[in-house]
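Two complexes follow with chain A in common, the first pairing it with chain B and the second with chain C.
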Partner chain A sequence: MEFLTTKIYFYLGTLPVTKTVVSTWLVMGALIIASILATRHLKFIPGRWQNILEMFVEGIINMIEDMSPHNGKQLLPLVGALALFIGSANLAGLIPGLKAPTSDFNTTLALALVVFCAVPYYGVKNQGWKNYLKVYITPSPIMAPFHIISEVTRTFSLALRLFGNILGEEIVIAILFILSPLIVPVPMMLFAIFTGVIQAYIFTILTIVYLSAAIEKEDSAEG
Partner chain B sequence: MISIDRSIIFQIINFVVLVMLLFRFLFKPVVKALDNRSQHIQDELSSIEKAQQKADETKKKYEEESKMIHQKYQEMVETANQEAAKIKSGIIDEAYREGEKIKQTHEEKARSEIQKIFSSLKTDIIDISTEMASKILSHSITPSIQDEIIDKMLDEAIIRIEAQMEVSHEQ
Partner chain C sequence: MQGEILFLCVTVVTAGFAIAIGVIFPALGQGKACAKALEGIARQPEATGPISRTLFVGLALLESLAIYVLVVSLILLFANPLLKYVFK
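This part shows the complex of A and B:
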């Protein structure tokens, strides 16, 4: 059960470089190298791999635009990066020797905090300070603390949901591995692929919901 | 299990860096490729639309021109018909006038010929009568001889008149 504790490799200044951080770097490196290779020779008439890549990007854009029309390209960098990173990080846990970065609460909380900061950023960018803050006192200024509490709790719920699912999954696989190392963990590992993708989808879709709500707050407030 | 430590700062930085790098190396080029393709398709569609519009305009222009030419042709045919009718009626009028003129000329000519014949006859009858009278006076004439002479003279007069008539008729 060593994955329940976070192994610290070394310190960079005062910041600890843990196994999770190293796994994150590896996942990041793999994603960036794959991206560079995939986009090296983009053609006007796409081949098989380019088609898959375009389908993924267009899928993310469509997913965003279904909830927040005309904002697909604006939110694509954050939402796309979240989907790719969480999906890859969840699956990284299945590689022997690697730790799923998302099974560490620091990672999921970091992601949730980025989303927490992105919500007012995109809200203010699209609606302006006045319109964005007006929503916090709608329908009455008394509601302002509740709005703030709601935003904080949903950030924690976002982080905890992903962390809990991935950690739980890893614990189950580890227990099964201890009990019967040969065949029994395999179905669970296959299931882990499924849940890993599902969790990435849930985190991404909730992020889109929060961001689109922030972008279109003025409309909903007026409506 | 749930512990928050300073590695969260690393993870935040890591993710922000990842967002920027993925934007630079993945999303930007792919979105650019998608945009270029959709722009190209839009350009093609708009150029097709323009060509269609141009073709429609040309078709309309040709139709208008054809209509104008047809109208002009109709006008020309109508004018020609009017001109022809005018010329026809002119020719007919002219022919009538000419006919009338010829008729009048011939009538006058015939009248003068008749006058001439009558005057010539008058002269002939006088001559014959004079001759008859001189012959009657110069011979002692029996009634039978007298009748014979008169018949002879009359026959001669008739022959002369007929000859005169034939000449005038031929003229």
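This part shows the complex of A and C:
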């Protein structure tokens, strides 16, 4: 059993195409096709699929506005995309033959790096270079290395948390499957649905916390 | 061969003990956080939304400690970087 390495399907030039990459592209394709189909005939009185999407978008906007008011529209594209992708990627692991893309450390590290880069982007965009950089030297310039260290470590912990949770769940299911493949893994798989959704929620809400701390002016730089 | 077998035994035992000990303290912390949050909700049911949101964030931060231990023991078991020095 190999959990930390993934099967390589074929080589694209010198680039190995692993099971993770294939699963990621399948998830992406499913999401893109679903959203194109759902938004093809937008109506004023929404149909079933449009209703689901509107509920999701409004839910994300409400989540953001609870943390930082008036920034819902601005952060929606990034945060909503992260939530949708991570949620469906976590659940994709339950489909036979697919591997949850988030049980590969490369995927989660990439997602965390997106957040790492988005924090200064939105910070500078909303309060300018001067004010954004000022956060690093408060209360005194001695604290600057600690601010930088905390930004790097929180990126790693964001990536490791998602990776560890999903991989741990996958390993538990695999071991139960080896022991008795008939009915016993089913409760654990139901629990995996719960964990996947909760982890997507947690990644999203931590992203919102980090971004809203960068956007806000002066006061409250916790998180 | 003796040394290699000893190395493997020590690795497996260490991974087991690491996860066993490393899970205790995050679990205690999470229990404490949950208990306090429930107390807060029981005292003030209208604050359920903000309390449970903060609770989730706090639990996630606590849980990452246990996840670090899990990752370390998984690396010890499945991707031990020292193996290539022992088995030449």
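One rule holds for everything that comes next: the second predicted complex is superposed on the first by the 209 of 223 C-alpha atoms of A that agree within 3 Å, B and C clash if a C-alpha of one lies under 4 Å from a C-alpha of the other, contacts with A are read in each partner's own complex, and residues count from 1 in each chain.
Assume a contact is a pair of C-beta atoms (placed from the backbone, for glycine too) under 8 Å apart; a residue touches a chain by one contact, two chains touch by 3 or more.
As the structure is a computational prediction, the values presented were derived from the model and not from experiment.
Engineer: Answer with first, second, both or neither: which of chain B and chain C does A:Pro120 touch in the superposed model?
Structural biologist: neither
Engineer: So, does A:Phe85 touch the first partner chain B, the second partner chain C, both, or neither?
Structural biologist: first
Engineer: I'd like to know which partner A:Ile205 touches here: chain B for first, chain C for second, both or neither.
Structural biologist: Touch status of A:Ile205: second partner only.
Engineer: Look at A:Thr20 in the shared chain and tell me whether it touches chain B only, chain C only, both, or neither; answer first, second, both or neither.
Structural biologist: First partner only.
Engineer: Looking at the overlay, does A:Ser35 come into contact with chain B only (first), chain C only (second), both, or neither?
Structural biologist: first
Engineer: Identify the partner contact of A:Phe44: answer first if only chain B is touched, second if only chain C is, both if each is, neither if none is.
Structural biologist: In the superposition, A:Phe44 touches chain B alone.
Engineer: Compare chain B and chain C by how many residues of chain A each one touches, and report the one with more.
Structural biologist: Looking at chain A, the partner in contact with more of its residues is B.
Engineer: Using the superposition on chain A described above, determine whether A:Leu167 touches chain B (first), chain C (second), both, or neither.
Structural biologist: Both partners, chain B and chain C.
Engineer: Identify the residues of chain A that lie in both the chain B contact region and the chain C contact region.
Structural biologist: 4, 163, 167
Engineer: Give every residue of chain A touching chain B within the complex, in rising order.
Structural biologist: That would be residues 4, 6, 12, 14-18, 20-21, 24-25, 28, 31-32, 35-36, 38-39, 42, 44, 46, 50, 53-54, 57-58, 73, 76-78, 80-81, 84-85, 101, 104-107, 109-111, 113-114, 163, 167 of chain A.
Engineer: How about chain B: which of its residues touch chain A in the complex?
Structural biologist: Touching chain A: residues 1-12, 14-23, 25-27, 29-31, 33-34, 36-37, 40 of chain B.
Engineer: Which part of chain C faces chain A closely enough to touch in the complex?
Structural biologist: For this pair, the touching residues of chain C are 50, 53, 56-57, 60-61, 63-64, 67-68, 70-71, 74-75, 78-79.
Engineer: Which stretch or stretches of chain A touch chain C in the complex?
Structural biologist: 1-5, 66, 157, 160-161, 163-165, 167-168, 171, 198, 201-202, 205-206, 209
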